[in-house]
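Here chain A shows up in two complexes: once beside chain B, once beside chain C.
Let's turn to the complex of A and B:
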């Protein structure tokens, strides 16, 4: 029963990881910007939802505020931070350092505005119910799983069937060719940041209700997103999604054999093993031709 | 030409000196090593508020020849940044005395303070080995071994809980609480049915809740701190754990009190009679309520006492015309023996630790209510 319980818990964690990691993967895969501030987008979205909900405006306004804040933040960083650096021929590393700095600034700003304490939205949806003898599942877990699947399927359809989606996939393959075909890489880059940032919102909202928030919450999110993107294959949305679920399951099922303190280490052991065994990732394209 | 250069430099210095920052030789600075960022940042404000009130009282009473101030440094509750901050306090700011917090931080800075004869006073960390960090390291808080010796027997004997699960943070504090709980449970007839260590940065505990449930524990001792301890409590309850939650003085923070899932949880804290008529306690309680709009918590008391202790010792040294150094502060503490601080007249044990009775408290309606007071011998 413990194994079944941990599997269900792992699927819930995997769904949340998938939503955040896929957003990062989309941005990184399309624009090659190492968007470390993706964790900050997550924290910002979560705190905006918390602020609106805690102020008594309710779930939907909170959700809308969270979407608006996350998308605006992603676009603002792309326009006002990354583009000037890239225009000035700043290196990949310069962009990374800028993004890292933004993450720290946002963490501190959240601490200043919302306080440094733990905050959470109390919801009956986060309270587990016993569905089998010794097996508990919260309604939120099921909702998170279904929402993750809907978002990820919708994203897959968007990338395959729409003009902008195809442009984003083309941008990840060859930005020069995108220009030759008359597409605007700037517009596509903005689309990647807007969609990637919006994808963190469901996970941020669910996290505010399930495990709660503190200003440093973005770091863990970023680590998992990064690991899932690498293991799944850079630029591969399905690969990132599968890797995120593997991490969620591994983190929880490892409790059958190891102390909880090693659960994060298990994630990174998988990362190292994947890098050695398949450097291009589960579904990435091999660099060596 | 060389003369001209020297004269010019001297003239420039002479002209600039009056406009430089007013360096009053009489002003006194002590250090404050607290977390102001990271997952434990919530403690920064909690721990420093008592010290700030003490500084206000000390300066208002003109206890010292100059203005007292605290140079706060952010440790993030981590040893490495704490060591950097301590080096700055010792080497650059030349402080004779610093406030410290957190077990890991305190253990990391103790050798630096000891080598440089800087007194370090802890009012927040509760790892039992903090009592063994040398004569320059003092504690104005009962350490965790004493807290465990109050709460675990209470839970077993008064609440009928005998099967304990322990969730402890993987650091010196957690390890020491594990050792203490194993020992105390054996003495009082309880059983440790499950022990789980968590990384200090971990935030997901739903899997851990499943393990607690499957262990059959009727009490869960949470030995963590900061946002993590509250996250553990919330996720345990959300994931179907209905065992009695027990913790130690780190639980005495507003986040833990206000979490609905913590209703009925018990924790320990040093006993302080806030309604005492003793003038030091009365002044502290009244002014704290005025300044911060709430009742003081044990941490506020501890850092008020720690800062006030410095002022009492420094005042005595100044009256004798002695320099305020770490070595002199230590000698004066040993000489004076006992002090009028919040909570009454207190004295140090030989290992530099203050002894207080310990309250076993329960969280009810978002506030702590004392269930029992345990005299520690």
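Let's turn to the complex of A and C:
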């Protein structure tokens, strides 16, 4: 029974991980920007939702504020930080350091405004019910899982059928060709940041209503997103999704044998094993170099 | 007052050594590690553990700390440095987060959350050195030795190979340089010296716990390197001095909330890192412009 319980929790965690990881993977895959501040986007979205909801304005305004904040943050960092750096052919290093610096600022501002302890939003939906003998599931977990799947399927359709979506996939293959073809890489990169940042919002909102938030949550989110992108194969959205589900399930099923504080060690072990066994990732297109 | 200055001097030396060792892999080998505090920490726990249980002789604790840190760095480097640079960032972030759990749970070696208490002072040929005014000389010697080692390394054949790799990995490989081996060796040297200074730090404070070796510390060391000037010899030291004087500078500004000094300090260097990358990627010491 415990195994079934943990599998269900793991699927829910995996779905939320998939949303954040796919956002990072989309940005990194198409624009080649190592967007380390993606974890900060998550923290920002989650705390905006928390602030609006805790102030008594309700769920929908909170959700809207969270979307607006995440997308604005993603677009602003692309526009004011990454673009000027890339104009002077910034290396991986300069972009990474700038992104990292912004992440530190956001984390500490959140800590100063909201305090450093755990906060969570309680709702009747987050109360667990016994669905089978000894298996408890909160309605929220089911909703989160379904919403995440809908978002992921919608993203897949978007990338396959729309003009912008195809452009984004082309951008990850060959930015020069995209330019020759008459598509504007600037516009596509803004689209990648807007979509990638928006994908974080459902995950941030559900996390604030289930396991809770603290200002340092961005690091955990970033570790999972990075690990899922690498294990899934850089540039492969489906690979990232599968890897995120593997991490969600592994973290939770590991509780059968280990104490909860070791769950991040499980992520690390999988990442490490994957780098050794399959450096190009589960569904990576190219070799690792 | 004398002790205060000596204490500040010790801290500046310790963090300068950490920044120099990180600068060596970041600025010369192009390896971006978020796990430098892990090597520092393993060195500190190894040194402290040996001093508590066996001997506090510097000729035992320092080499042991260096070996443990270097071996750990090899475990991380051998699989991950074969592949893209982003992989190493991810793996080092993972190691850093894992190490915090390890340091707080592995009770017989690290003392758990409580840490190692009552670590005896270092002993050199049987003389115990514990007063800040005399310990500052030990750390100064360590700093000078570290600077000398890296000066020689950077100006040797090995250093030239490193710079070639940093500028173009594929060109260096085409010239017959074994890129993964050179990178792995650089990381091991860097980790060993970070471990050494960890052992000094543990015996100086007589007490260590996990809080000194968390991600924040790795980030602080990285900020010192970047703000001072990556790939320069003076930069890491300048960065260490600037960032270590920040907390006391903030204390003088009365209008800032004093309970938030840690956060304000991190905001300043986070913003500093982003702004430097926009306007002066070379850091304070590095060549201006872009």
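One rule holds in what follows: the second predicted complex is superposed on the first by the 287 of 289 C-alpha atoms of A that agree within 3 Å, B and C clash if a C-alpha of one lies under 4 Å from a C-alpha of the other, contacts with A are read in each partner's own complex, and residues count from 1 in each chain.
The criterion applied here is as follows: a contact is a pair of C-beta atoms (placed from the backbone, for glycine too) under 8 Å apart; a residue touches a chain by one contact, two chains touch by 3 or more.
Model, not experiment: these values are computed from the prediction.
Q: Look at where chain B and chain C land on chain A after superposing the complexes, then choose clash or fit.
A: clash
Q: Check whether A:264 is in contact with chain B, with chain C, with both or with neither, and answer first, second, both or neither.
A: After superposition on chain A, A:264 lies in contact with both partners, chain B and chain C.
Q: Touch test for A:244: chain B only (first), chain C only (second), both, or neither?
A: neither
Q: Just to be sure I read the superposition right, which of the two partners does A:12 touch: chain B = first, chain C = second, or both, or neither?
A: The answer is first: A:12 touches chain B but not chain C.
Q: For A:134, select first, second, both or neither according to whether it touches chain B, chain C, the two together, or no partner.
A: In the superposed model, A:134 contacts chain B only, not chain C.
Q: Between chain B (first) and chain C (second), which does A:118 come into contact with in this model arrangement: first, second, both, or neither?
A: Once the two structures are laid over each other on A, A:118 reaches chain B alone.
Q: Which partner does A:2 reach: the first (chain B), the second (chain C), both, or neither?
A: It touches chain B, and chain C stays clear.
Q: After superposition on the shared chain, which partner residues are touched by A:210: those of chain B (first), chain C (second), both, or neither?
A: first
Q: Does chain B (first) or chain C (second) touch A:227, or do both, or does neither?
A: Second partner only, chain C.
Q: In the overlay, answer first, second, both or neither for which of chain B and chain C A:144 touches.
A: Neither partner.
Q: Thinking only about the overlay and not a real complex, which stretch of chain B clashes with chain C: 61-69, 169-177 or 241-249?
A: 169-177
Q: Enumerate the residues of chain A that count as touching chain B in its complex and touching chain C in the other.
A: Shared contact residues on chain A (touching chain B in one complex, chain C in the other): 107-108, 111, 219-220, 261, 264.
Q: Quick check on the complex: what are the chain A residues that touch chain C?
A: Residue list for chain A touching chain C: 34, 81, 84-85, 88, 90, 92-105, 107-109, 111-112, 219-220, 222-223, 226-227, 230, 234, 261-262, 264-265, 267-268, 271-272, 275-276, 279, 288-289.
Q: Could you list, by residue number, the parts of chain C that touch chain A in their complex?
A: Listed in rising order, the residues are 26, 30, 32, 79-80, 82-87, 89-91, 93-95, 97-98, 101-102, 104-105, 215, 219, 222-223, 226, 230, 260, 263-264, 266-267, 269-278, 281, 290.
Q: Could you pull out which chain A residues touch chain B in their complex?
A: Within the complex, chain A touches chain B at residues 1-2, 5-6, 9-10, 12-13, 107-108, 111, 115-120, 122, 126-128, 130, 134, 136, 138, 210-212, 214-217, 219-220, 251-252, 255, 259-261, 263-264.
Q: Which chain B residues qualify as touching chain A in the complex?
A: Chain B reaches chain A through residues 36-39, 41-42, 44-45, 167, 170, 196-199, 201-208, 210-211, 213-214, 226-227, 230-231, 234-235, 237-240, 253-255, 259-260.
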